[in-house]
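Residue numbering begins at 1 within each chain, and the chains themselves are lettered A, B and C in the order written.
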Amino acid sequence: MNLQITRRSMLKFGLATGTIASLGTTMGCSSSPAAGSEASWSMWSTGAAEDKVWKDFKNYVDSTLKINSTSNLTPSKGYQTKFDLQLASGTTSMVAAVSGTLIPAYAARGALMPLDDLIKADPSFDADDFYADSRKICSFNNKTYALGLDVAPTILYYNKTLFQELGVPLPSAREPMTWEQFHASAKAFTKKTDVYGFTCTPNIDDLMSWIYSAGGDLLNSDQTASALSSEASMKAMTFVHDLFVKDRITPPITNLVTENALSNFLQGNVAYLQNGPWQVLNLRNAKFEWDVVPFPQGPAGSLPRVSGSGFAIPAETKDAETAWKLLKALTSKDALDIYASAGRNNPARKSAATAFVPPPANLGIVQEILDGKLAGGHTFDVTTNWGEIRQLLSTDLPRSFLGQISLEDAVKSFTPELNALIGTHHETMLKTAS
Amino acid sequence: MSTKITPAELVPRANDPATMTPRPPTKKKYRKENVNLTAWLFLLPSFLGFLVFTAFPVVAAAGISLLEWDLFSSPTFVGLANFQKLLTDEGFWASFVNTAYFTFASVPLTIITSLILALLLNQGFKYIAVFRSLLLLPYATITVSVAFVWIWMYIPQDGLINTVLSWVGISGPDWLVSETWAMPALIIMSVWKGFGFGMIIFLAGLQAIPQQLYEAAMVDGASSWARFRNVTLPMLSPSMFFVVVTSVIGSFQVFDQALIMTNGGPGTQTTTLVMSIYRAGFENYNEGYAAAQSLVLFLFILVITAAQFLNQRRLVHYDN
Amino acid sequence: MTTEPATRTRRSSGTTMAGNLRAKLIVFACFVVTGVTLLPIVMMALVAFQSDGESMAANPSFWPTSWHPENFTRIFELVPVGKYLGNTIIFAAGTTVLETITAALAAYAFARLEFRGRSLLFAIYLGTLMIPAQVTLVPLFIMVSKLQWLDTWQGMILPHAFTALGVFLLRQFFMGIPREYEDAARIDGANRWITFSRVIIPLAVPAIATLAVFKFIGQWNNLLWPLIISNSEATRTIAVGLQVFQDVNGTQWNLLLAAAAITTLPLVVIFFLTQRWFVRGITMSGLGGR
């Protein structure tokens, strides 16, 4: 009958779609189960060549611990979002890499496990082999939340070919330039059209190196308000601001995407680049000769920001013992040797530093700076709400470097909101300390 | 034509194998009730999946808007506090204005471009399929990769666009770093990236127009403009309606290109609503606030969409 | 099939010569429009041939100073492209097939059956489009992880196979199909299923093909969901796999854009090869004198 046929054929069709759906369900069951129960670790992979480094890490970990570990690699752009979602759903890997600027944020929210008890109970573990800066980056409220993977100061790259072409004397690798010397040296290049003296990204990350070197800071000493409007901080920001707006020593800003500075330098017509040694790999592609020197010294010295990253254990871990073993293996000298010899960045362990080798010829200054034997550095202190503060400082501040508003107006406009955010940070600190 | 099923249609033909048994006398009533059942049988496969994978997360997001939750620690119920905070959040309302600007400029431009190209590509000649495929390229290419080519083209000094403009004596603006031109730059790029969507749908819509209508119009001696106005446009209006509604919804959620090309700057000139929502959720770890913002966005889109639906009675031609 | 509109043009313009001129103008317009539109794509392709250093510079001269076709082979060495393409086909085709079938059925109900609560349910469907994915991501991820579906095909495919967009698109097209076609069949005693499968579906082939194409493209290029759900090479898609060339410290544009070409070309080829589904012709046959 008409009706029954309708219903029957409809049911048939419903069944068919149901079958397709369940087929889809069974199809995937062969894949690995959710991470957590086994020895798994998460890492960002910032390039196809880096995948190989993590493969070597895995092989090393597997052979030392006699296990079959799983390395969960995620492209760097999506790593943090994925890690956040895994934290929210309790599906993180046993050990996860965390960028230093996020360690306070995660630690304050109880997302990471404090490691101090594990360190104390493990006599074989030598915490002193990690650079002091790395240990500072990896701790929050006097507790350790991560073990270092890499750590490095910001340095100054220079285009040797360009220096020789224009007959400008090369900067010294031993003695940091004063700001005046640096300014004169960079300015010398602007005589030629389409050649520039210096490039950096007009954001807070790069400005902090100048601010520290001038004796300024982002936070006041008791971490309750902004210190960006202090005399020292303003002096530093004005110095860089003038390079952009007044002296036009820098290439014009064509977009506000952060890769700007490296791309400018690779163009071959810029004398100095401010950046970290993690760019050494990218610069090895450059078509010109280049090297590195210490960051220029301001009124307080050469105190560029020192930043890094580490591996941490998510707080909800079910097997802290295995996680600790895995964490130790991932940050051991042998593992960091693999990382450093691939040229990724300076390792967090002093004993592995010898594996981070030239080119460029002066690369050794990175370790000398960290050892306190040359120039200096300042640990990149960030807040528990760094993402928010960084976002606030990336609105009006870059506008002043574009010449759209004055630096003073920019600082004036963001200071109330910045103070409020630092206040929130301070409250979080008080809450977590008690 | 009537949407109701007329009794005449229900009378079976004698030779129809499906109706060999005589109908029960109550067939008319039975039949009427059955529309609900038939409809639900058609709906079921879609509805079940929709309920679980589409509707549930939306309802959950609405629930999250009443919480203070940082993703990691256990959430606390804060009632409407997140919405209260929104009222005074200047950044949120600035991004709201930016998003509205983007939408009201990019939607008409995209639709006009799509329509013109679809009309052009609906003409018959030998290699039309090649052109159709090539013109789909902008839509088919991943945003991250094309966005960077556009960044290069927008370079103020010697980028491609300003170079071309200088040939005709125009000194081009600073585009992506200009307070006035950053948003137009994003809009132009988005029109280029997005017209393929409307273009394919209009092509399908044009293909669905019965040829007889044109023939009838030509018999009546209608000019080509009259045929476009009286046949093509009304017959295309259902797909036009779809493209307008979904483009408005999509534009209000613009995110990728703004994030990649300007990161919301200079200042907050190109900060969009979804960018603000994303930052609240995944940079500031304030899930409740992100959800509250998205509900305000939802309400706004809802009002606009409802207005479109109310107007469709006048503007959209359905055959019923 | 495709020649029908041209025939129409020629007839309307009266003389064959004027028709030819107009046809030539249209071809010319197609060339110009396509050329201008594809300029950014051509630039992408040129950068893909540049050396590493050249492509990373701030303002690359688009014409490569030296040609490096080996960039394309390098990608195959660095990334298991074949495996990822296979995964992407499973992912994109899986969602497309599921969504197209379920959306066609539901759209028919919304377009033609006056069931109770139709407007409300349709409004609810549409409403879900208005909440940005960035917000539903959290509950959806938690749900998928509780189902233990992380790194599985069902976890990748199902959450994207039941969107309201497909239902809305097909509903619009079904509503545009003249009712006479259906009524004719119903007078002949066909039930709803028959009218749906024998009348509506054949008439809506271009619309269904359209939905399939943009669903397929969307999922092919979907970055976020596969990135957070897939943990291993077994489920990694090409869009995610090639993202490794984009580095926060500096992107290798030559490789990224060569990779983009490798990702996009299959899409365009598929679209080209399925052209006939977008064209009327076949769909109108069998309807006799209507």
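One rule holds in what follows: a contact is a pair of C-beta atoms (placed from the backbone, for glycine too) under 8 Å apart; a residue touches a chain by one contact, two chains touch by 3 or more.
These figures come from a predicted structure and were not determined experimentally.
Colleague: Once you draw an edge for every pair of touching chains, what topology comes out, line, ring, star, complete or other?
Modeller: Topology of the interface graph: complete, with all chain pairs in contact.
Colleague: Name the chain pair with more contacting C-beta pairs, choosing from A-C and B-C.
Modeller: Answer by contact count: B-C.
Colleague: So, what's the distance in Å between the C-alpha centres of chain C and chain A?
Modeller: 37
Colleague: Which whole number of Å gives the spacing of the CA centres of chain B and chain C?
Modeller: 14
Colleague: Please list all residues of chain A that touch 2 or more other chains.
Modeller: Residues 2-3, 5-6, 10, 13, 17, 21, 81, 85, 88, 254, 258 of chain A each touch two or more of the other chains.
Colleague: Listing for chain C: what residues touch at least two other chains?
Modeller: 58-59, 98, 101-102, 105, 137-138, 158, 189, 191-192, 223, 243, 246, 251
Colleague: In chain B, what residues contact two or more other chains?
Modeller: 12, 18-19, 38, 42, 45, 49, 71, 155, 157, 159, 282 - these are the residues of chain B that touch more than one other chain.
Colleague: Using the touch definition from the top, list the residues of chain A that touch chain B in their complex.
Modeller: Touching chain B: residues 1-3, 5-7, 10-11, 13-14, 17-18, 21, 80-81, 84-85, 87-88, 105-106, 109-111, 252-258, 385, 387-388, 391, 394-396, 398-399, 402, 404 of chain A.
Colleague: If you look only at chain B, which of its residues touch chain A in the complex?
Modeller: Answer in residue numbers: 12, 18-19, 21, 23, 30-31, 34, 37-38, 41-42, 44-45, 49, 70-73, 151, 154-157, 159, 176-177, 179, 260-268, 271, 279, 282-285.
Colleague: Which bits of chain C are touching chain B when the two form their complex?
Modeller: 2-9, 11-12, 23, 26-27, 29-30, 33-34, 37-41, 43-44, 47, 58-60, 62, 98, 101-103, 105-106, 108-109, 113-116, 118, 121, 124-140, 143, 158-165, 167-169, 172-173, 175-180, 183, 186-192, 196, 203-204, 206-207, 209-210, 213-214, 217, 220-221, 223, 239, 243, 246, 251, 253, 256-257, 259-260, 263-264, 267-268, 271-272, 275, 278-280, 284
Colleague: Name, in rising order, each residue of chain C that touches chain A in their complex.
Modeller: Listed in rising order, the residues of chain C that touch chain A are 51-54, 56-59, 78-79, 90, 94, 97-98, 101-102, 105, 137-138, 141-142, 145-146, 148-158, 189, 191-194, 223-224, 227-228, 231-232, 234-235, 240, 243-252, 255.
Colleague: Applying the document's contact rule, which stretches of chain B touch chain C when the two form their complex?
Modeller: Within the complex, chain B contacts chain C at residues 1, 3, 5, 8-9, 12-13, 16, 18-19, 35-36, 38-40, 42-43, 45-47, 49-50, 52-58, 60-61, 64, 71, 117, 120-125, 128-146, 148-150, 152-153, 155, 157-160, 192, 197, 200-201, 203-205, 207-208, 210-211, 214, 218, 224, 235, 238-239, 241-242, 245-246, 249, 252-253, 255, 273-274, 277-278, 281-282, 287, 290-291, 294-295, 297-298, 301-302, 305, 318-320.
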